[in-house]
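What follows is subunit A paired twice: with subunit B in the first complex and subunit C in the second.
Moving on to the complex of A and B:
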């Protein structure tokens, strides 16, 4: 056997080994999920736990199928709840990203502006968005506006902070090169600082999404007549654990889907980072 | 340099004064919607003297703090343990990974109805909720930190014949500590948010309860006092944590520049 052939075959063996390991790990994962669901199902069926407190996975699935068409017992079908929540979350969230990211970028770039706005921001920042709920209800009523405002607050802070930090961390060599080439301040901001801040800005946008989604649930639990948070709160009032679990899982799945969509968008906008 | 500093201080003062002026104007035009600074201050003094729902204001702060810190200690201890196992062994990661991935996107606040259904509205429920909020960031950051330890360090450990325990304690843990601390920091702020939410939704004590109480009795000044206290205590917590981080991993400072 020639030297080169030997190398090729060892590479192939290594690849095969890896593929085998991957399959093995996948099987372990699948087994773990099945065992988990099995224990859960058995625990309810054999009444190791009180079935009032938790429903079995099969019951949860049945409740999910049921909820697609059945508005009882909480007044709306699942689709309506989802639409209601998504609408609120997206309005507040998009507004926060559209206002927060440019504001953060400008704050990071213009020193005077930064010193002027920063103290106010530092005072407001540590108050959790949920603590704003009563005040915003007094100001804006219990309608859509109040909830959008709270979600806006929740998403706004991470957008601003991360864009701000992104601009601050711009490599000063890049700025100096642009200055040497005679770029104006504004041009440096647009063509150097903004693109270099984008990866961090996107981190902020991603954190903001998680914040917005979980704040939405809290807002709907405190004051709403529809939406996923309202649905699980009603489930508790009625003692229906299957409704609660379906609601929780739906909230989780939608949150995960939104994050995945955002990651796709991020990869498209920041193509250069993949290298 | 001196002049620049002076200018910065002036700008900060201007912005703070503008905030107060804005507050005075808004609150004087609509005192029912937004209490004036004097009203807020008076409410605060009154709150410091007379107990609300049989607990003094210090008591409310301490109750909230106790809930957060108990849950945080439990979450950090168990989260680092499980995260270490998951980051170290690919097989354990395959076992626990899918279940954690399925549970992680559910916001801790969405657990409130289920936890109340299971354990009632007692102290344990609140600690459990904060635990849920704090546990996931710690586990995920620990697991990522451990699996991203420079292979060179691991090889050096192996060359020196370290056993698994020595590897974990002397090589992996110190290398992953910055990532773990970042996770604990997220856990702290998330835990603080969850405790406020839990106290607002179902409680008879704590800072979140003050807001709800103010809301129910149309006492906007009390709501504002509660919000300010929550922000203040949260800010102090995160400042204390930053000091602790500096003390625990001093080499981070150099890296951040």
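Moving on to the complex of A and C:
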């Protein structure tokens, strides 16, 4: 009894140590942010840098609070900008995932289809999405459709490539298992290759999200009447660095939130994988 | 052939099977003119040195590969149903134990309640009760191979093909699984064709042992082990004698 109590107490001490270390690490991270903001604030207030070029963090925060309710000076409150951007990004992105993932899976599975599509895909693949902007303006004008199209292109490529590779990497023994169980070619695709490709397909979907979100800003900088990219652009035109910084940080935070949501979804879909 | 006065029924006939591959611009002969009769409900072991074409032979029987020459005949009925237990642990990592076992029945469109009942029986038979909803990553190597065995049984096969199923297991688990596979076979009699390169395993399991030569594989000798009573003892004199006889006759793998 004495011996086991000793073990329990030593385990508890270990556990407490670990918890303490965790707090310390968190404090280090927090300190890094605070010091960074502090130096920034000081640099502006003590006029080390020209306040025309960059606002202080406190000013940026005030601008953020202001933008929640004030449509001035760029024509819309922050919520409207966010909604406008999210709408564009999600339409283009979801379309890319819904078309890109099945296409990649099929290309990986059907050799003839692969050979048919691959040469064209290989030429189009390295073209950066923003290089499509002029053409899409000619084709689709400067409205929502054109921007969605550019975002679609940016998100489409990683969805296709990763799903394709996922199918190619399917363990051939598992395909043999399905064959000996009497599965047809299509059934093997559905029951073996597709689930086996899911982890890589999700990697593609995650990369695509980053691409979509960053391309969005580029698209909006060209032509828009609302949206986070538009807001940043207006900030520049008006010489308001606080608006620019609020826009940039909002883009960053929303990008991080979307990635976190996607990770949750991935863990649900691919529950079978080892953590 | 007859045992207990009963005529043994031939379940499967391999007739002059040969298989060659075209590899690196050279013809590579894997199997050379093998003819075997396999009897109903016997435990047939195909023993041969590593890389000698044993797996190729099983793939031909299962229909995964076509022979270059010769034929595989099922005299009883034309439709062949084989269950395959693979060398590497070939369980679907995204399916639970239950879903893995019922896979073949699901493909056939058997209704859920019925296939669940059957799969449950087999899961219990292979000793995995309580792990029905576990994913393969939570199982040990031996347990995964049990899933493979249950899945092969679940398609209700006429013939069970096992391709070095315990090759990747540690020695202790291997002995345990050999006993298990015999226990399962006694309970659910099937014709089993078991491929191995391990002489001890062959003598422990087989009713008959077909000894193959090195590549290209041909039948070198057929041993009938009916004199050895089951359960067999690894250190029994007769067991050891048989082991030695085969050992002397077996080609070395390079």
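Here is the rule we use: the second predicted complex is superposed on the first by the 260 of 275 C-alpha atoms of A that agree within 3 Å, B and C clash if a C-alpha of one lies under 4 Å from a C-alpha of the other, contacts with A are read in each partner's own complex, and residues count from 1 in each chain.
In this section, a residue touches a chain if its C-beta (ideal position, glycine included) is under 8 Å from a C-beta of that chain, and two chains touch if they have at least 3 such contacts.
Bear in mind the structure is a predicted one, so any value in this text is a computation, not a measurement.
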So if we stack both complexes on subunit A, do subunit B and subunit C clash, or do they fit? fit
Check the contacts made with subunit A and report whether subunit B or subunit C touches more of its residues. B
Which partner chains sit in contact with A:26 here, subunit B, subunit C, both or neither? Use first/second/both/neither. first
Touch test for A:48: subunit B only (first), subunit C only (second), both, or neither? neither
Which partner does A:196 reach: the first (subunit B), the second (subunit C), both, or neither? second
To the nearest 10 degrees, give me the subunit B-subunit A-subunit C angle using C-alpha centres. 90
For A:183, is the partner it touches subunit B (first), subunit C (second), both, or none of the two (neither)? second
Once the two structures sit on chain A together, report how near the CA atoms of subunit B get to those of subunit C, whole Å. 9
Show which residues of subunit C lie in contact with subunit A when the two form their complex. 62-64, 82-84, 86-88, 90, 92-95, 103-104, 107-108, 135-137, 151, 155
Subunit B partner contacts - residues on subunit A that touch it in the complex: 21, 25-26, 28-29, 32-33, 36, 53-54, 112, 115-120, 123-135, 137-139, 210, 213-214, 217-218, 221-222, 229, 232-233, 235-236, 239, 241, 244-245, 247-249, 251-253, 255-256, 259
Touching residues on subunit A, where the partner in the complex is subunit C: 171, 173-174, 176-183, 187, 191-192, 195-196, 198, 270-274
Considering only the defined contacts, which subunit B positions touch subunit A in the complex? 7-8, 11-12, 14-16, 19, 33-34, 90-91, 93-99, 102-114, 116-118, 192-193, 196-197, 200-201, 208, 211-212, 214-215, 220, 223-224, 226-228, 230-232, 234-235, 238
